[in-house]
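Working notes, beginning with the structure itself.
Chain naming follows the written order as A, B, C and D, and within any one chain the residues start at number 1.
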């Protein structure tokens, strides 16, 4: 496969951005392979993702060349090489279906990530996935009293490993506000309901109680506001009156792992931009 | 087609109900064509819907014969002839996509109902469907002050026409508690969100604001508790960051009319049982 | 709403196209509102759709200015004003659910088209939609013997009305090869199966016979090769063993009209490009 | 949980079956927990599945008591104890996503089966799932010449282990007619297309070539007629023009494993009846 770089841009909208950026790439010998853009008429923000073949230019050279343009337009931007997989730390509690699914998708090449650590508040025998034996597993139990200390250890781990993304793969602890802020924009959670319905604890029991005819799952960025972060992906599954809460838990696993995998892949491929309380997702 | 009767039963669960009911029908010469049953382990309620060919027995004869069994088991029950279509009154405001869809489905035989009246709080020229010219249209405007009077007229109309079901096909007025009680179990509303998300007014604007990735619609029985009635049918539609509130309104029309048609058909075919806050729906 | 133009381009892929086109628009004072592009690695073709605000430039001026660029890159292209709705001729036989649905979507502004004629091989009383009384209806019956003559009349009608798109909304006649060629790239058909399954006649009966668990519909461009034209949109609906062929016909209507409406809207908004046997669809 | 038995019946339709069967169970002290039935008007066959609490009666006693009724009505039937999980042999080639998914669902209790052996025509290091270390793995390579011998070994394995169901979890070899007959009604395959579209080899490449807008998967019973067996479950996934054949392969994995898991679970829970070329599936 040819070498590919990804350029991501967000800035206030104004005429000529596409022309300016694409002309710079063309002048640098780059060939655009894929580009998607979106102008949010309501916020007047502009978002763009460009995948291009950089020919013989290096990442550093292109970054240096692009910096003045970015300054001129007041862009938030990054440019990275697809060949370097994102470093990801996965957190999990007892239920390991999402963890195992993510590891499996990584193994078969569907999600191109480097899982640098797995953190669980439960011991390894319960959920350490045998399918990825090389990944360091950290058992970091947590109680109300030890929460600050446990989070400090997770933080240290993130810094040591250089994790760019933290995935809460059915990690059943609520992050402190401080931790949520620290992870702002780089922590994805799977909530086992179709948000904004059934926030908080035991959403499948809430769903059964309310008598809905479909259950869902939501992959979203974590914010200090519980279950209120920007949504990346959602999906649903039909249920019936025959389903008791336990059936919903079982049926929900499929949709949870599908939605989380999608949210993680979208983020890692640089397809997601945070736009206030919403996200822009350039799907493929 | 052979003549068909439908027997519907709800009672506390205990052994032998199926045997008792099916033996009665067999002894009466009836042949069961379709039967579905459900025992709710949580509420310990039993629900059953039987479609049968009554051979030469009349409705009255069968009712008389079944009454003692129903008493013995403390059943709520009804027995009716499929050949007699249900009488339905449809209420609508400005948006007429659900109304037109219901009338179309009636015309082609998909929903077997007799629409006895259309009531709107807006004048006919806006929404009187030309595709069903024979149906009486009643323009009953409403203001905060005239609400009791308007509802009394609707009530009178229901009683005059013998309407068994009232369908709120995007009728944008909130029924009074008294009216909701009067229509208990026989009034279906379409709410343009995936409940319990986005209750109340302008759900598509709420959905856009929250940044969800799917919108939905919910067909439910009307209760005094707004948007809290037992749910009959739900469905969703994928959306993207490109969709502004107006796009959601447009995309939502498809899912609204599909969900409302399904809820109405399920009710009319005797497939829905109210089970506390939930419903049992014996789908085909 | 601001005035908007749409520029559509298809050409062999080579570096610099985006830069060239976007620079031209920027230099002309245009502001890109939405742009989507696709480079087909297999066919090495490049496709692009740009919606832009032309500021004060006229369509003619922009066309003249763009022509040299188009020549240089060997582009197939067109540039049009969104404010001018596409002229559409709809053909129908007995089943009118797709026709009625299209007319309804037109009326509420979801599909921005100008229906210049309805042609049916069945008399008006069966399917003339009362909801759009102003549209000329042409009853053009057809038999094996009169087919060339009937098609000639349809052709004349297309030319007189200037119809840019012909929609076969459950028109149950097979077009002659000559007619199919005449309408190449501007005639959309709805086939009532999930192609390539169940080509030809009575697909719901075929589906029942085969025992599939979902039925579908396919919106595609008409080619001389029956049911083999490039596909624009598809969708499915779950069914069960309880569904007899007639039930499939009924359930299929929903998915047919949804899929056809989508295919027509995509085409009319300039979102579809034919790419050999396939299509590129820039969805919103 | 209470002990539960499942009674499955298929016979020609005639009046009184439900009464006869339910009266027998009631007289035996059994309490029906769930019952579903279907009368196929076209084939005039009757199908019924009853889950009941047998109170203190043994399986043998109930079988003996029911046998005369079954004879009287010419029933095909079986009665089994839910507490005894079905014995399943899984066959696989290189792609192990379906295998791993089935084993995972077994581990978490979603599919109640006893996997007695895994057979692969590829060596263990490629696909032996570490997540289920206790299951015997048999590497049985196959070539055109050794096919009869390899199949004989699989057959012997089925007989030794008492496997009631064989699952082809992306086993990429075509069974001989003899083998297909031997496994008639107890071998489920996952075909990676929405049948009847794209039978045979490389369906995703066929799907890309044809330009469909959705891909699918089909879980079906294996018959001597390749990809023509009775269908148990199907589902689809939306795709776009951006997807190349390899993307379809990746996207297809989700729908394949979901559909196969559903087909296997439906079979194992006794919910599937073969009805000529079709199936009756009493879903929950």
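By our rule, a residue touches a chain if its C-beta (ideal position, glycine included) is under 8 Å from a C-beta of that chain, and two chains touch if they have at least 3 such contacts.
Worth saying up front: this structure is predicted, and the values here are computed from it rather than measured.
Participant: Where are there more C-beta contacts: B-C or C-D?
Facilitator: Pair with the higher count of C-beta contacts: C-D.
Participant: Select the chain at the greatest separation from subunit A, using centres from the mean of Cα atoms.
Facilitator: Relative to subunit A, the chain with the farthest C-alpha centre is B.
Participant: Provide the C-alpha centroid distance between subunit B and subunit C, rounded to the nearest whole angstrom.
Facilitator: That gives a centre separation of 36 Å.
Participant: Based only on mean CA positions, could you tell me how far subunit C sits from subunit D in angstrom?
Facilitator: Each chain reduced to its C-alpha mean, subunit C and subunit D end up 41 Å apart.
Participant: Residues of subunit C touching 2+ other chains?
Facilitator: Residue numbers touching two or more other chains: 34, 38, 240, 242.
Participant: Contact residues on subunit B for subunit A in the complex?
Facilitator: Interface residues on the subunit B side: 38, 40-42, 194-198, 209-214, 216, 230-236, 240-242, 244, 275-281, 283.
Participant: Quick one: in the complex, what on subunit D touches subunit B?
Facilitator: The touching residues are 15-20, 22-23, 25-27, 29-39.
Participant: Using the touch definition from the top, list the residues of subunit C that touch subunit B in their complex.
Facilitator: Within the complex, subunit C contacts subunit B at residues 34, 97, 100, 104, 108-110, 129-131, 133, 240, 242-243, 247, 250, 253-254, 258, 284.
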